[in-house]
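Quick heads-up: structures coming right below.
After this come two complexes, each holding chain A, first together with chain B and then together with chain C.
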Partner chain A sequence: MITLDKLYLLSPEFILLIAAFLVLGIDIFGKRRWQKALPYWTIAGLLLSMVASFWLMGHKETVTDTMAADSFAYYFQLIGEMVVVLVTLALVDYLPGRTHQQGEFYALLLFAAIAIMVAVSATDLIMVYLGMEFLSITSYVLVGFLRNDKRANEAAIKYFLYGAVASAVMLYGMSLLYGLTGTTNLAAIAQKLTAGNLVSGYQWLLFPALLFLTVGFGYKSSLVPFHQWAPDVYDGAPTPVSAFLATASKGVGFALLIRVFVTALPAVKIDWVALLYALSVLTMTVGNFVALRQTSVKRMLAYSSVAQAGYIVIGLVAFNGKVPFTAFNGVSGVLFYLLAYAFTNAGAFIVVGAIEEHTGSTQMDDYNGLVKRSPFLAGVFLILLLSLAGVPATGGFMGKFMVFGAALAEQFYILALIAIINSVVAVGYYFKVIKAMFFVPGEGPAIAVAKPTRYALVITLAMTLLLGIFPSWFLHIATTSGLAMVGL
Partner chain B sequence: MSFNAWMLTIILFWPLLASLVILLLPSEQEQQIKNFAIWSSLLPLLLTSYLLWDYGINHLLAAGFAYSVNILWIPQINVHFHIGVDGLGLVMVFLTTLLTTLSLWYSKGVIHKRVKEYFFLFLFMEMGMLGVFLSLDLVLFYLFWEVGLVPMYLLIGIWGGKNRLYASIKFFLYTLTGSVAMLLAFIALYLKSGTFDIVELSKLHPFQGDIVLGSIVFFGIFLGFTIKLPAWPFHTWLPDAHTEAPTAGSVMLAGVMLKLGAFGYLRILLPILPQAFIKWSMLVVALGVISIVYGAFVCIAQDDLKRLIAYSSVSHMGYVLLGIGAAVASMRPGAIVANANSAAIALNGAALQMFNHGIITGGLFFLVGIIYERAHTRDLGVFGGLSGKTPYYYGLFLVTALASLGLPGLAGFWAEFFVFRGAFDIVRIWAIVGVLGVILTAAYILWRIVQSVFLGQFDEERWGNKLTDVEPYEKVTMWPLVIIMVIVGLYPTIVVNFLNQTSINILSKLP
Partner chain C sequence: MITQAIFIIVSLFTLVTALLVVRHPNLFSSALYLVASFFGVASLYVLLEADFLAVVQVMVYIGAISILIIFAIMLSKGMMGKHTSPHNQQDRWVALAGLLLAIILLYFLVALVQWPTTPVGPVPANAIQLLGQDLVGRFVMPFEIASVLLLAALIGAIAIAREREI
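So, the complex of A and B:
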């Protein structure tokens, strides 16, 4: 039943929709002066939408039975909007000189943000699929937007081919689930599964369905072995877009993984826990060990973000489902981790982009002596890398702390041990960059960082430290958001 | 809350504040940066001195922690900003603030490259180390433990010697491996007891009665502290890091950072997990004795003066381990201890050795730095006859070196005496083997260092007038340390008074 009086719950989406068309309109019809301000129109729209998302937190309703308006959705919306703000700031200096169609770029970015918001709110398999596809298609275009850049083109086509296969497999999984239960609504699926009310003789299809769904979500959140696109795409895409893919877009994969598995498939929890356990071990180990071998910082960050996905999954593996949450429950750990990781990793990619802007290179050797050429970039990158490595007083540490704690609380001792060993291995490559920046002498002209990029970096830095030193408020939000999803 | 209660908070965060101010100063104004750093490091030192005085009057026999501040920090997981000191903690804080000021003062004369970063990192590191000594919450403890690591890594990597890249990452990875194991163990303690508070945990003794899990948790924490200490076989990062670090970095590494590990034994491992510790106490004793003897033997084989002193730390920290291990071993079921005070004496010896080693080895590293600045080599084979050329330097070196080998009348003697006096009663055979280390120490100090550097023939052709005697600023660096060595040597009670009650508190609260 469609009830229009609840549409205000979707106001963050509507605000962004208006902003996107406004940006497109200004780009076509606006005065030159206005066109120059396009990124700021974009940001204004995003900020307004953030206010709306934040305002609506605490609601616990569904719109037309297909969209959830709960804190969980708004939480991920806020992460998405925030990341796009940062990406937009970084683009101000990045886009000019690379493309003339700037308006379209910003509009696409806004559409991608809307896609994220739709996807994370979905409570129906059809809506999940639509949201994912919407996000994928805008992302393909964003990756390949600089059409004179061969590597970007290669990345886009690779992303597209992988994405097409992954979403087809996922859709197949959804169809199996529909065939078994006769519904696409997540809550209804859960009811049918718990009641054991399935088409007789075909129960065994449940596991393939689960597996195929995991392929789709795992592709978005770059879990090994569905990660192969990630390094090439992150490496080839325009660097701010890589920042978007590695944080906001990846967050969607996790949001859906959590929402679909926890709300629709609690009956087969033991299966998906085992599956995710294996994927987590694979993802962190492969990501870390391959990252060790990289000579390009951008590519190294790509593998590092694969590895980070492995740590994040631990939280879901260790989710015990007890309400109210225990201190180290996996889900608020995952949510907190994703928030901290979004700022940290977006910041790291923006730093790489700012350096690429001036040296044209992402090679590790070109980072030699960076501290002389830009103390600001080197200092910010140092903190961000420490956060990625999980050194305390940063958000990255608190995230790991919560997630590893959850693993121990649920007695996944081996998993915690593997994760800990992995985080020591990871120091090997994060610190390679620190070594290049601070220890190895290098020559080169000073690097000037554009103001908007500077703002973006200051925000990421401040948030990384804030999340590490005063995490309690954010933990509170993460916990209530997680609870809202479980209770739905 | 009285004014004194906030003193520790000021001591802890003042260096952070000062380091941030340095970050804002223009990097060309090197003199201003240096002076500012030195002056600002004096405040924590003065406040600590005041607290020592106040503690000596009001809290010397207190059963708990003084000047505590306890504020809820992360309610979701029950983490508190809980700091406070007992006698041992206060002595360690004093050691840290003193060595920091002296290091900054000495660095003023020798650091000319990337001055701003150096002084920023140094003050920042001071906060990290102070935090470890002050923390009464495991998460806070871990936070400061790791936060102090990064500046040291950078100090070694930027201002270190030829092999600095290797040494710095080795240092970081070794310590990190230990600390992540420790982190898991901390979480396990929380999951068992619902609190991270060290004072609470020392009363609750989680895992009491569960020797299997208790031992696993014990070894997690043990690994972290023993790598940091470091004891054989986890010591291999130390010679590299200490040798490659800049002089003041080596001073802080040997003088303060190694104490963090030993401090952890006394603050966390023993009070919280006594049962597992008692079970494995002989392992601790064995590692201590092996470190003492092995470290001393390796010292004799060194050709590099700084590397020799680095290895001497392995040997000397072994005494700390032996003292702690012996004290705990006295509580094994069936242990026969003639004198009931032996455990406390051994523990006092260990704690005193922590302080003494900081002062003495800090001094030795300064002295190595002083000669390296002139000769640009530390090869023991090329020196000789310096006693005639640089008598003042010889004097300072001799006092410090003799303190290090445990000459009665100087600081080092008392710690070794207490440790062996206590250990002999409890783990006799091990103590006897350990005494061997004292003889070997005399061998490497007198034979390897004093004889080959200061006695013998001076190579006029090679050195000419390059090896000048100590400058005034170097004298200022060394004199406070020498004075402390003599005072503690003549009147050890002045330090032991602070440590004794801590030892009694620790031992009396064990189940």
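So, the complex of A and C:
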């Protein structure tokens, strides 16, 4: 039963819901002056919601049986809210001229943020499914929102078809788990599975269930071989939406992978560690080697974000819930990596979008001599690419350090070695862009960057450096949030 | 014995109509076969003594969703009489993979697992009441979130299907 005094635990969701209605209302009834400020209403709602999420961190309660209010959930909520703030800033100058329906766009973006918050708090299979589906449906619309853009339409249809299949498969997996245990609550499933007195031969059943769940979550976080939609969608979607999909939406896949596997399926840990091990190696290797061959920077970023997902999974493979808890428990590494990655990758997509806005192209050749045409963009992109490559003093390095460190602590030496070799391969294509921007001469008019986009980029740049140079406070938060999950 | 026979007939009916949904060249006929397939599923629910689910299946899937699909087809230009090809280059491989997966799943799920077949007990008389109470009690959050989802889907559908852009 839900009691009213626990509703405050959901205040981040409520604030965003009110903000979404406000945005829609202002769009319909508001004065012209107010309508112009729609993105800023959106951001105000998101900032308030961030304050609420941050303030509620440290709680460890459940709101009915279906939603948790723990640091783990609030941590992912904060990542989602921050990414949507950045995306909204990038949209301020992107949307006008492309669509008249800006109110709907911002409202849907807020709904997508609510979907993220619901999904990461879910502690019940029904809620997990609803959260995923909610996020997917809003994402399909956001990808295909600009109806005159043929490539965006293609991307939306592709995303929808893959998503529909993946969620059907995932639902099948959930039904198997429910059939076995007679409950949809994650903790209760774990209890039933460890108690053992289930129908005979059920061990066989757990593996397909596990596999099917992985299809659903792996689709969201673009793990190979469930990644085929990713390059086309990131490439075809409006660039700010790509930034959202490649960071916040991907984070939800990981959050659920961790939440469901760690809380509900510790009984088959050996199976899912092996499965994720294989997926991690595949994802890193395929992502990196395909990225090497790309000539479009946007597509290269798309494959690079597939490869990054491979590194992030390592953290879950090396998950370790043993006492005493350390920062290298794997899950905390995933959390820190995702935070650093959210800023870095969102920033990278926003840079590519800003350049595309001016030159109409995402080809590597058009980045030649960028430093002369826009020192600001070239400088920001340099730091972000270094962070993606994992160069020290950036957030990306600390993320890799935490995750690879966890792999070494759990004696996954071969996996760590493969990951390090992959990181070196990745340097190849990140530096190709850096070389083009700084060392290859190129001509062209100066590129002006809109003010809000500039703010978004300054935030991503500052956070990427902050996470790399002074990570201790963030590490502490990531560790405690991870422990909220591990220490169950 | 008779239930067994009815079950086989109903499932065959459901499967054949479902196959026709994906194989029929005319989209409108596919939609009608879909209605038939939904009826088959509703009958399966009746066989399982889940009468409430059967009613919901008829009301929601046949009464609402199928009608919606039929309307969508009728309102789309040139969809009514036209024949579309349900084939593509990959359908042979997909059929093979699907068949293989079905065999594997059937073997593992049906043959290897001893599913409990003893009935849990009689369905309580106030089953629907209990279901309703659960929807606003234990599962109130999913229930509410689903309504927010539907709102977002509605806004999204209008935004995408609007008359013209700019």
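Annotations for the structure displayed:
Quick note on the criterion: the second predicted complex is superposed on the first by the 480 of 488 C-alpha atoms of A that agree within 3 Å, B and C clash if a C-alpha of one lies under 4 Å from a C-alpha of the other, contacts with A are read in each partner's own complex, and residues count from 1 in each chain.
Throughout what follows, a contact is a pair of C-beta atoms (placed from the backbone, for glycine too) under 8 Å apart; a residue touches a chain by one contact, two chains touch by 3 or more.
Bear in mind that the values here come from a model prediction, so they are computed numbers and not experimental data.
Number of chain A residues touched is higher for C, counting chain B against chain C. By the document's definition of touching, of the two partners only chain B reaches A:G405; chain C does not. Of the two partner chains, neither chain B nor chain C is touched by A:T460.
When the shared chain is aligned, no partner comes close enough to touch A:T123: not chain B, not chain C. Once chain A of one complex is fitted onto chain A of the other, the partner contacts of A:S387 are absent, as it touches neither chain B nor chain C.
By the touch criterion defined above, A:F134 reaches chain C but does not reach chain B. Contacts of A:S249 after superposition on the shared chain: neither chain B nor chain C is touched. In the superposed pair of complexes, A:T479 makes contact with chain B only, with no contact to chain C. Per the touch definition, chain B reaches chain A in the complex via residues 73-78, 117, 139, 142-143, 146-147, 149-150, 153-154, 157-158, 164-165, 168-169, 172-173, 176-177, 180-181, 183-184, 187-188, 190-191. Considering their complex, residues 105, 108-109, 112-116, 137-142, 145-146, 148-149, 151-153, 155-160, 162, 165-166 of chain C touch chain A. For chain A in complex with chain B, the touching residues are 327-328, 332, 371, 386, 391-393, 397, 401-402, 404-405, 408-409, 416-417, 420, 423-424, 427-428, 431, 434-435, 438-440, 471-472, 475-476, 479. Residues 1-2, 17, 24, 63-67, 99-101, 104-105, 107-108, 111, 114-115, 118, 124, 126-127, 130-131, 133-134, 137-138, 140-141, 144-148, 176, 179, 199-202, 204-205, 208 of chain A are the ones touching chain C in the complex.
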